[in-house]
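Pasting the structures here.
In what comes next, subunit A is part of two complexes: it sits with subunit B in the first one and with subunit C in the second one.
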Partner chain A sequence: MRTRIFLYLVLCTILIFSLAPLIAFLQAAFFGLSEAESKTEAIKTFLDFFKRIPESTIAKSLWFTLKQSIASTALAIGLGLPGAWLTARFRFPGRKALLSLAAIPFCFPPILIILAFISYYGKEGLLSTAFSLIFGSRGEYRGILYSFWGLVIVHAFYNFPIVVHQISALLLRIPNTPLEAARTLGAKKLKAFRTGILPWIMPGIGQSAGLIFLYCFFSFTTVLVFGGRAGTTLEVEIYQALRYRSNLALAAVFSVIESACALLGIWMLTRIKGKTYRTVRDFGAARKLVKPKGKQWFLIVLYQIFIIVFFIGPLFSIVIEAFRVPASLNSPDKFGFDNFKRLLTGFQAPLTGAILSTLKLSGIAALLATFIGIIACFSIFFAQRGEKKSNIVAMMMDLLQWLPMAVSPAVIAYGWLFISANHLATSALIAAQALIAWPFVSRTVGASLRAIDSRMHEAAKTLGASPIKAFITIELRTILPSVAAAAAFAFSITAGDVNVPLMLGMSEIETLPLILYRLTAAYRFNEACAAGLVLGLMTGIVFMLKEKVIDVA
Partner chain B sequence: MMRKKQFIAVFEVIAMVSIAVVTGWAQSNAQSKQQNSELIVWTYDSFISEWGPAPLIARAFQEEAGIKLRFVSKGDGGALLAALFDPINKPSADIIIGLDDKQLDKALKSGLFIPLSLKNISEIQKDLLLDTTNRLVPFDFSQFALIWDSQSGIEPPRSLEDLTKPIYRKKLIIMDPRTSTPGLGFLAWTEAVYKTDWKEYWKRLAPSVLAMTPSWDTGYGLFTKGEAPLVLSYSTSPAYHKAYENSERYRALQFAEGHPTQIEFAGVLISSQKKELAQKFLDYLLSAKCQALLPETQWMFPANIKTELPPSFSIVQKYPALIATIRDLDHDPSTAANLLIGNP
Partner chain C sequence: MSLEVKDLLVERNSFVLRADFSLEQGKILVLLGPSGCGKTTLLRSIAGLEMIKQGTITLNNLRIDKLPTEKRHIGFVFQDLALFEQLRVRDNIGYSLSIRNEEKRKREERVISLARNFKIEHLLGRYPYELSGGERQRVAFARAFAADPMLMLLDEPLSSLDAPLRREMRRFIRVQLSRQQLTTIHVTHDVEEALDLGDEIIVMRDGKMISRGIMSDFEKKPGSGWLARFMNLGLVLPIIEISASKESQLLDIMTPEENMFQVSRNLESNIDNALEKAMCLYIPFSAIKIFRKNNNEKTINVKIVRYLTSTPLVSKLVLTLPSMQDYFFELPMPESDFPMPAEGTEIEISIDQSMCQVLPDIPL
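On to the complex of A and B.
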């Protein structure tokens, strides 16, 4: 009884923490900030909007958002599937590395990837320089980065490691029997694959696709930097409405449409997810990896070269560009620490302050997220273990975990701004980032909590431990490493986030991703890369803890 | 092996948290001390970049008056204007630098600026004083022009209409009129030349535009990196390449339709606690001494008539002027941008 009351209390607290900013935002958007003028304005915008639906930008940007997400997802799957197949079938040098690339989308923020792609694929970038050495002129260069396809390519390369990781894990568990059965019954290779393997991995592909689709659907920074001519996503429209037009009502309309679409996507995703669990449970034992021979070696090497040239290359170029000092009037191109020096000692020396404020703000936000996440995952755990009645708590919590995937960060940020005392941007930033990060914590910790065999707990109790003692010695001790991993993960999410600070327009405080964004926007690439290297080192600590984190995320 | 990794992770987290707490404490202490002696200036990105005028002005003013300036960038020109109207974050600066003539009306209507009495205003070029109440005062100006890369091997265009020709397909970089003041200036230019048919012109122009960048910085950066041979900028921009690269590779193009002028303004906010000091700074900004810093940092003409131009400006020409305004500042920029977005 007491636990149940406690569970409901926790649920209420987290519910309030998560939903308060949404309500505050919508209230401010549609009922004005207690000023009569803005109230009529809001109603006018709302009516205006419905009058002008066909010609308004909303249909256009919704279409563009969907189009680019679908194209990016398809390309990411296409890039990832061969990798998944190779890593699930063969043992070869670099296999582990290929799988661990999956940490990249989680620990390097988009702004860093964008920078990497510009400095690699740009007209003066390493790749086109290499091409021009081989093929001569670069006259026919078309600036693909700043087009629709540039956007899609960045999205796809950013997310394909997720496909490799997830589908590979699934393929490993599918036994050869259905495939062999099909072959024995006379099916050709392709047909055997279609009937023997494809049905088993389809739910897994669907799940990865759904996840990537959602990431691309909410893509903001990439579109802001590359979009320009190609189009604007709903998220960028929200940003424009908030920052340049101060039109809350318009932003609210955009965000409601955005959330509706995302919820639909999430609903499909959870339905598919149920199916994958079933397929995986059906088998269990992992298949044995074989040594590749002949033609297979060729495929593996080809794929690895492809990934190195098109994906590792850009990341590597950040390091090179960070130390390259471009030619100026009295000195030629050279390598050295000048970029760092300029950032550290130049005018209003931005780097030191940015490192400190990133550590401070993200540190606090990550702590808060970890705290909430742990409480949330324990309450889910207890609710599921307890009587049937408190299952509603578990269900609600599960649902709440999807919130940051369904709601625009802009809305969360602005919502907190309305709530926070004196409309203080820093506290809004911390609260908003904690709100975005806690579900990742609760999922990471929750997974390791569920992995504990409940018999251990019972055994401890049988051996005379009190329930609390049993809990401390069994559950708490087992999950401790995953708590550390989750906290680091939360830190890398909050430290790399440029979305919330940009939305809040907080120019008094510089964070590292903000500096990175500004330097990139000002085309000061070498300094941007220097700052990016610092950020990458900071967020990269998740890379060390990759396995634990990615498996659940 | 695993244990070691976990240990490192726990250690890192602890280290970061303690650093965060200590710096947080130190920063909040430092901030409260700073706020008393500093003037806060809101401006746009390129003004405070290392090669911009802010570092020089800040140093010179501190030597002259002993007052520290703290420059805060609000992003691009559009964001600077929007920051004034932010319903939640009321403007917290003392001074705003960098609103332009197209934004003047809207900025003045906000009632956020105080009338200034500056002694150096008598030395300012008369036709720049668009605000007769002296709430926003001009500090520099230039003419919009397209800059052409003479090594691109492409024929230079001679008019706005030329830009729509098929040979310029994906060869032009302009700025977003919603967010950037040069973008707004280009829109005004087309509205002045094509009157009510400007939307048709933008539709014809769409295939030529490689990128519509959020700010001038980005656009000009793309251009100098060689991504396109034509960029929207100022008649004064070639002086930069003359001064720093001793090169005349990048040239401003004279267009048959004439060239609109951009004038940039500064003002003191009504909410400032240090209005006297702020006025003192603006007086300094308009002085011939401070104005001499602008040509080779802003790459614009100084507003003060007594300021001498540096040798690099010898290659800058003055073009026939064209009066250009935006008809509807609230709607035209997004209409124009939407004509380009998604219509490659």
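On to the complex of A and C.
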């Protein structure tokens, strides 16, 4: 009984924390900020807004959002599947590195990847310079990067490591016997693959595709930088409605449409997820990797070269560009620390302040998110273990976990701004970022909590441990690594976020991603790379610390 | 010969498998051995699922070792059965027929006839995950039979079943295979299963075939203490001291508790060289008698650990040697009128020394 009251209390707190900004935003959007209007008038206003919104804008941006999300997802899957297959079948040098690329979307913020792509694929970028040196045709990529396909390529490259990682893990655990059984029954290689392997990995592919689709659907920074000429996504429309038109109602309508689509996607994703759990649960130990032979080596080397040239290259170019000082009237092209110096000491030198404020704000937001996430995942865990009446807590909490995937961060940011005392941007920023990040924490920790064999807890109890002692020695001990990973993850999300600070338009606070965005927008790419390197190092160090914690745990 | 495997060599990392054997049409050969001895690898090599380094495999006078798996005309039942979970039982059984583009009506007839044979007619519309362990086994067998294979390969398909069901399935498979006159290789690590199913048994160890025959062959000539222990053929005692004069046909052997035996030389090769290896004394169970003393026979003291009377058909005695209390052996309970000594007491057993053999502890 006491547990149930506690669980309901936790649920109510998280419910209020999650839904308050949404309600505040919608209330402000449809009923005005201060004066209370009658119910009928409110509904009339709401309907009026729908009529007034130019249909073409909504349809156009919705179509563009869907189009770019589908294309990006398809390309990411196409790029990732061969990698997944190779890493799940063969033992070769660079295999682990290929798998660890999956950390990039999590530990490097999108703005950094955008910068990497500009500095590599851009018209002054390394790749086009290399091409021009070889072929003498400078400016090959001028038309691609800032177009629909440029956007799709960036999204795909940012997300394909997720496919490699997830599908490879699945393939490693799928037994080879159904494929072999098909062969012994007379099926040729392709038919045997279609019967023995494909049905097992399809739910996994669907799940990865769903996640990538949702990420691309809500993509903001990338579209803002690359997609401008080709079109805008719903998320960018919301930003523009809020920042440039100050039209809350328009933003609200966009966000409602966006959320409806996202919810549909999430519903499909959860269905696929359930299926994946069912199939994977039955599998035994991971298969052994084999040494590649002949043609297989060729494929592996080809794939690795492709990844190095087109994916690792951009990341390296950040380092090179950060130290490259472009030629000016007084000096030729050279390498040095000038870009860093200019950011630290020159005119508009915000780097030190930005580093400190990013560390402070993201640190607090990440801590808050980790705290809420852990409380939430334990509540789900106990609610699922406990009596039937508690199941509603688990269900509600599970639904809340999908919130950041279904609601525009801009809406959350503005909602918190309306709630916070004196409309203080700093507290709104922390609360909004914590709200966006906590479900990632609860999902990461929850997964490792669910993976614990309940018999271990029972075994500890049979050996004389009290319930609390058993909890501390079994559950808590086991989830420590995932708590570290989740906290690092939360820090990376909050430290790399451009959307919320840009939306809140804080003049009093500069964060590193914000500087990065502004320097990029001002075409000060080398300085942007220098700031990006600092941001990358910051998130990289946090992820290294996480590994250390995991090792110790 | 239906199947001939000649000079087969398979290398995988540090593991080396060598095999050379043949099998008559319609016979069931059991590959018996502990885990990791290479029996599954051998089966997979015959099926073409494992690359072979050298050797030939001939099936019904056709060399198949260069053919891809799908052209070898073999049936394979996997340990995990490998049913296609996304297909209904009907489609699982008819899979090979659809690959061969069999006419739909014929295919259906064949599936139904097999299902009737395997008593799974009522399950044709179900998915594999809706079936019990025994039902899944039957589906896997029916699917393998549907391909009309020339050779059936069974890779411990019964290992996941509980004991009574396993026994029942064993008999059922035996009947089905005999009815079809299908040449079969069955892999197992279970001696009882091997004896029950096989016309012949090949025992494998560390990638080698160390012995071939039927039960009485193994009992007469186990060849090593390891095999006698593995197949539970008799009592295997370590030898503390062994001496033999060149002229004498008898070896003087001392085992624990200073039990002295006189055993005839059964090693053809130079005894001195063989003795450099660890040796043991093999006493077949048929050479041991309990509660019956015979002045000509050697007696040793053993301790009664337990009376196993729970099995209705066979009552057994679990015994141990007083100085080797972690070594147990079982003997069938003799029919006797006098009262049985209590558990924990020592009794004498008599041994016919002429049946004992000195063997290398592990296969040479």
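The criterion applied here is as follows: the second predicted complex is superposed on the first by the 509 of 553 C-alpha atoms of A that agree within 3 Å, B and C clash if a C-alpha of one lies under 4 Å from a C-alpha of the other, contacts with A are read in each partner's own complex, and residues count from 1 in each chain.
Keep in mind that, in the parts below, a contact is a pair of C-beta atoms (placed from the backbone, for glycine too) under 8 Å apart; a residue touches a chain by one contact, two chains touch by 3 or more.
Quick caveat, the model's predicted, so the values are computed rather than measured.
Partners subunit B and subunit C, brought together by superposition on subunit A, fit side by side with no clash. In the superposition on chain A, no contact is made by A:314 with either subunit B or subunit C. Once the two complexes are laid over each other on the shared chain, residue contacts for A:180 go to subunit C alone; subunit B is not touched. Legend: residue contacts after superposition of the two complexes on their common chain; A:523 is shown touching subunit B, with no touch to subunit C. More residues of subunit A are touched by B (comparison of subunit B with subunit C). Of the two partner chains placed by the overlay, neither subunit B nor subunit C lies in contact with A:513.
Legend: residue contacts after superposition of the two complexes on their common chain; A:105 is shown touching neither subunit B nor subunit C. For the three-chain arrangement built by superposition, the Cα-centre angle with subunit A at its corner and subunit B and subunit C at its ends equals 160°, in steps of 10. Superposing the two structures on chain A brings subunit B to within 28 Å of subunit C, judged by their nearest Cα atoms.
Every residue of subunit A that touches subunit C in the complex is listed here, in rising order: 175, 177-178, 180-188, 191-192, 195-196, 199, 279, 284. In the complex of the two chains, the subunit A residues touching subunit B come out as 33, 38, 57, 60, 64, 122-124, 142-143, 146-148, 224, 228-232, 240, 243-246, 248, 328-329, 342, 346-348, 356-357, 359-360, 363-364, 367, 414, 417-418, 423, 425, 481, 484-485, 487-488, 491, 504-505, 507-508, 518, 521-524, 541, 544-545. Residues 2, 5-6, 8-10, 12-13, 16-17, 19-21, 23-24, 27, 42, 45-46, 48-50, 54-55, 58, 70-75, 78-79, 82-83, 85-89, 92, 170, 176, 178-179, 209-215, 217-218, 220-222, 224-228, 244-246, 334, 338, 340-342, 344 of subunit B touch subunit A in their complex. Contact residues on subunit C toward subunit A in their complex (touch as defined above): 47-49, 68-70, 72, 74-76, 78-87, 95-96, 99-100, 143-144, 146-147.
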